[in-house]
Amino acid sequence: MKDHIYKHIELTGTSTVSIEDAVNKAIKRAHKTLKNLSWFQIVETRGHIGAGAVQQWQVTIKIGFALES
Amino acid sequence: MKDHIYKHIELTGTSTVSIEDAVNKAIKRAHKTLKNLSWFQIVETRGHIGAGAVQQWQVTIKIGFALES
Amino acid sequence: MKDHIYKHIELTGTSTVSIEDAVNKAIKRAHKTLKNLSWFQIVETRGHIGAGAVQQWQVTIKIGFALES
Amino acid sequence: MKDHIYKHIELTGTSTVSIEDAVNKAIKRAHKTLKNLSWFQIVETRGHIGAGAVQQWQVTIKIGFALES
Amino acid sequence: MKDHIYKHIELTGTSTVSIEDAVNKAIKRAHKTLKNLSWFQIVETRGHIGAGAVQQWQVTIKIGFALES
Amino acid sequence: MKDHIYKHIELTGTSTVSIEDAVNKAIKRAHKTLKNLSWFQIVETRGHIGAGAVQQWQVTIKIGFALES
Amino acid sequence: MKDHIYKHIELTGTSTVSIEDAVNKAIKRAHKTLKNLSWFQIVETRGHIGAGAVQQWQVTIKIGFALES
Amino acid sequence: MKDHIYKHIELTGTSTVSIEDAVNKAIKRAHKTLKNLSWFQIVETRGHIGAGAVQQWQVTIKIGFALES
Amino acid sequence: MKDHIYKHIELTGTSTVSIEDAVNKAIKRAHKTLKNLSWFQIVETRGHIGAGAVQQWQVTIKIGFALES
Amino acid sequence: MKDHIYKHIELTGTSTVSIEDAVNKAIKRAHKTLKNLSWFQIVETRGHIGAGAVQQWQVTIKIGFALES
Amino acid sequence: MKDHIYKHIELTGTSTVSIEDAVNKAIKRAHKTLKNLSWFQIVETRGHIGAGAVQQWQVTIKIGFALES
Amino acid sequence: MKDHIYKHIELTGTSTVSIEDAVNKAIKRAHKTLKNLSWFQIVETRGHIGAGAVQQWQVTIKIGFALES
C-alpha cells in the first residue's frame, strides 16, 4: 500500500431527478479538472421547493483524490 | 433581495418506495396548509424493517418558508 | 407495549445501483443470522469513484432488533 | 404499516421533583391541544439552582405526532 | 419559581445591516403573533454575497416562550 | 493497572417506571450472556406516548466489558 | 436586568441512588466554596456496573454562577 | 516558540448593546484576576427577550491563557 | 432553476472592528480571484486578546460559488 | 469492486507506551476471533493518570471487517 | 466504590516531540498544584507549522480529579 | 497584529510509522506548492489493517495559511 497524500474538496451537485444523480453531477464536473478522484462522502442533502414538490436536489459532498507526489 | 422572515418546521415523511418519495410526501402535506414553502434539508433517514427488507422509509426534514409580514 | 431489550449493530451495505439498494443489501445479510430486525438508521453515505462517476455506494446503517428474553 | 406524515415540536417541561416528572408535564400540556402524540426524545436537561440544591428541573423534549391526512 | 411549559420555534431573520439587526427582526416578527417571548439562541449565521460583499445577513434563531396553562 | 481490551455494545432498555429502571433492565439482560460488564454511558433517551403521558421509557446505552485475553 | 459576568465549571457527581441524586451531590459540593450558583446543564450520564446492575451513577454537569464585579 | 501550558476557562458576558460588547465585558472581567489572557472562542450566543426585542445579549466564550511555569 | 455545481472554500477573515467586518474582509479577498461568489456561513468565531480586550476578531467562513460548466 | 457487507465493532485498547500501541493491541485482540479486518478509526483517546504522568493510554476504535456472504 | 465528586479542567500542553509528550507536559503542570488527578481525555490536537514541518504539537485535554469532601 | 486573510485546506497524510509521521508527510507535500503554512488541526485518524496489525496510518488534517494580499 503506497503512501499517498490525498486532498479533499467540497462540492454541491444539483439535480431535478434524485440524490444519486446530484452526486454524480458533482463528480462528473470535478473529473473535468482533477485526476485520481478516489472516494466521496455525503455531507448535506438540501433542496428547493416549488408548487408543493421538490424542484431541485442539492447534495453537498466531500471528494478525496491522490495528489501527484 | 427583500428582507423576509422565515419559519422552519420539522416533519417526517414516510414511503415504501424511496428516500426521495418520502421527502416529497412530507412536502406535499405541508403544502396543504402553508404557503411560500421555499427549501428543505434532510435531518435523519430511518426506516422500518420486515421480512429482511425495508418496509418503510422514514425521512425527517426541516422545511423553511417565508412568513407574511 | 411489552418491555423488550433491543440490541444495535452497525453494518455497511454496498451497491452499484442506489443508496436504497445498499441499505437493503445490508439488511438482507443481517437477516440471515439475526431474528426480529426492527428498524434502521442511516449513519453515513460514502462511495467509490472511478471514471468520473460513482462506482459503488457505501451506506452505513445502525440496525435495531429485539433480544430474546 | 400506513404511510403517515409526522410533525415534531419542541417543548421544555419543568418540575421540582424529577426529570421524568418534567417530561410528563410537557407531554400533558401538548396533549391539551394536539391529537395523536406518538413519541418523544430528550434533547437537553438543565435546571435552576438555589440554596445549594436543584430548585427546578428543565427538560427539553421533541414530540412527534401524526398529522391528519 | 412557577412551573411553566415553554415552546421553542425556529426563525431566520434577515438584514442588510448586522447580525444583531437580523436577530431583532426575527424577534419583532414573532412578537406580532406570540405572547411571552422569553429567550433566544443563535443556531446558524449565513448570508448572501453580491459584488464582493455581504448583501444580506441571514441569522437563524430558536425562540422560547411560555405557554398559557 | 493491567492492560485489558474492552468491547462496547449498544442496547436499548425499556421501562414503564423511570430512566434508571430502563438502564438497569438493559444491563441485567446483557449480564445473562456477557461477563465482566464494567461501565455504561447513556446515548439517547426516548419514549412512547399514550393518553397524554409517557407509556414507556426507551433508554439507549453503550456498555463496556473486558475481553478475556 | 443587570449585566453580570458568569463563570462555568464542570463537575461529576456520583450516587448509588439516581441521576437526580448525583446532580444534587455535585451542586451541594460546589455550594461549599462558591456563591451565587445559578443554573446547571447535564453534559454526560455514565455509570459503574457490578453484579449485573448499576452500582454508581456518574453524572457530569456544567454549573454557571455570577462573578462578583 | 517556547513550550507553554495553557488553561481554558468558560465565561458568559452580557450586554444590552451587541455581541462584540458582551465578549469584551467577559474578557475585561477575566483580566482583573488572570494574567496572560491570549485568545478566545465564541461557544454560544443567547439572549433575553422583552417587549419584542433583545434586552440582553449573553455570549459564552472560552478564554485561553498561559500558566506560569 | 438551472442545475449548477457549486464549490465551497473555507477562509478566516480578521478585523480589529467587528465580526461583520471580518466576514466582509474574507469575502472581499475571495472576490479578487473567484467569480460568482454566492453565499457564506460562519463556521467559527475566535479572536486574539491583549490588554484585557479583543485585539483582533478572527471569523472562519465557508463560501460557496458556482463553477463554470 | 465486489459488493461486500461490512460489520463495525468498537473496542478500547490500552497501553503504557503510546496511542499507536494501544490501537495495535486492540486490533491484535480482534484478529484472534475475526477474519478480514479491513480498517479502523479512532473514536476517543483517554487515559489514566498517576504520579503526575500518564499511566495508561486508553484508545477507543471502530474496526470494520467484511462479512462472509 | 466511594461517592466522590470530580472536577474537570481543560489544559493545552505543547511539545516539539509528539502528541504523547504534549499530554504528559500538561499533566505534569497540573500535578504541581492539584492533588488526586485521575483521568484525561484528548479534546483537540493542533499544531504550529514552520519550514514545511510541525514545529510544535498543541494538544488540549480535559483532566478529572476528585475534590476533597 | 496585521489583518491577514487565511485559507484552510484539508489533506490526508499516510504513514506506516506513526500518527505524527502521517501529519508531517501531509504538511511536507503542501509545502511544495503553498507558502506561509501556519497551523494544522487533526480532523480524523483512520488506518488500514492487515495481518492483525496497522499497515497504514491515515490522518486527515486541516491546514491554514495566510493569503498574499
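First chain written, first letter: the chains are A, B, C, D, E, F, G, H, I, J, K and L, and each begins at residue 1.
Here is the rule we go by: a contact is a pair of C-beta atoms (placed from the backbone, for glycine too) under 8 Å apart; a residue touches a chain by one contact, two chains touch by 3 or more.
As the structure is a computational prediction, the values presented were derived from the model and not from experiment.
Enquirer: Strictly by the touch rule at the top, which chains does chain H share as contacts with chain J?
Expert: Per touch definition, common to chain H and chain J: K.
Enquirer: Quick check for you: after a Cα superposition of chain C on chain E, what is the rotation angle, between 0 and 180°, in steps of 5?
Expert: Copies differ by a rotation of 120 degrees.
Enquirer: Take the average of all CA coordinates in chain B, do the same for chain C, and state the distance between these two points in whole angstrom.
Expert: The answer is 22 Å.
Enquirer: How many angstrom lie between the centres of chain A and chain F, each centre taken as the mean Cα position?
Expert: The mean C-alpha positions of chain A and chain F differ by 38 Å.
Enquirer: CA centre of chain C versus CA centre of chain D: separation in Å?
Expert: Here the centre of chain D sits 30 Å away from the centre of chain C.
Enquirer: Two or more other chains in contact with one residue: find those residues in chain E.
Expert: In chain E, 19, 48 touch at least two other chains.
Enquirer: Touching pairs of chains, all of them, please.
Expert: Applying the touch criterion to every chain pair yields A-B, A-C, A-I, A-L, B-C, B-D, B-E, C-F, C-J, D-E, D-F, D-G, E-H, E-I, F-G, F-J, G-H, G-K, H-I, H-K, I-L, J-K, J-L, K-L.
Enquirer: Using the touch definition up top, name the residues of chain G that touch chain K in the complex.
Expert: 9-16, 25-26, 29, 48, 50, 55-56, 60
Enquirer: Under the definition above, what is the set of chain D residues touching chain B in their complex?
Expert: 1, 3-8, 62, 64, 67, 69
Enquirer: Under the definition above, what is the set of chain K residues touching chain J in their complex?
Expert: Listed in rising order, the residues of chain K that touch chain J are 19-20, 23-24, 27-28, 30-31, 37-42, 63.
Enquirer: Under the touch definition given earlier, write down the residues of chain J that touch chain K in their complex.
Expert: 18-19, 44-49, 51-54, 57
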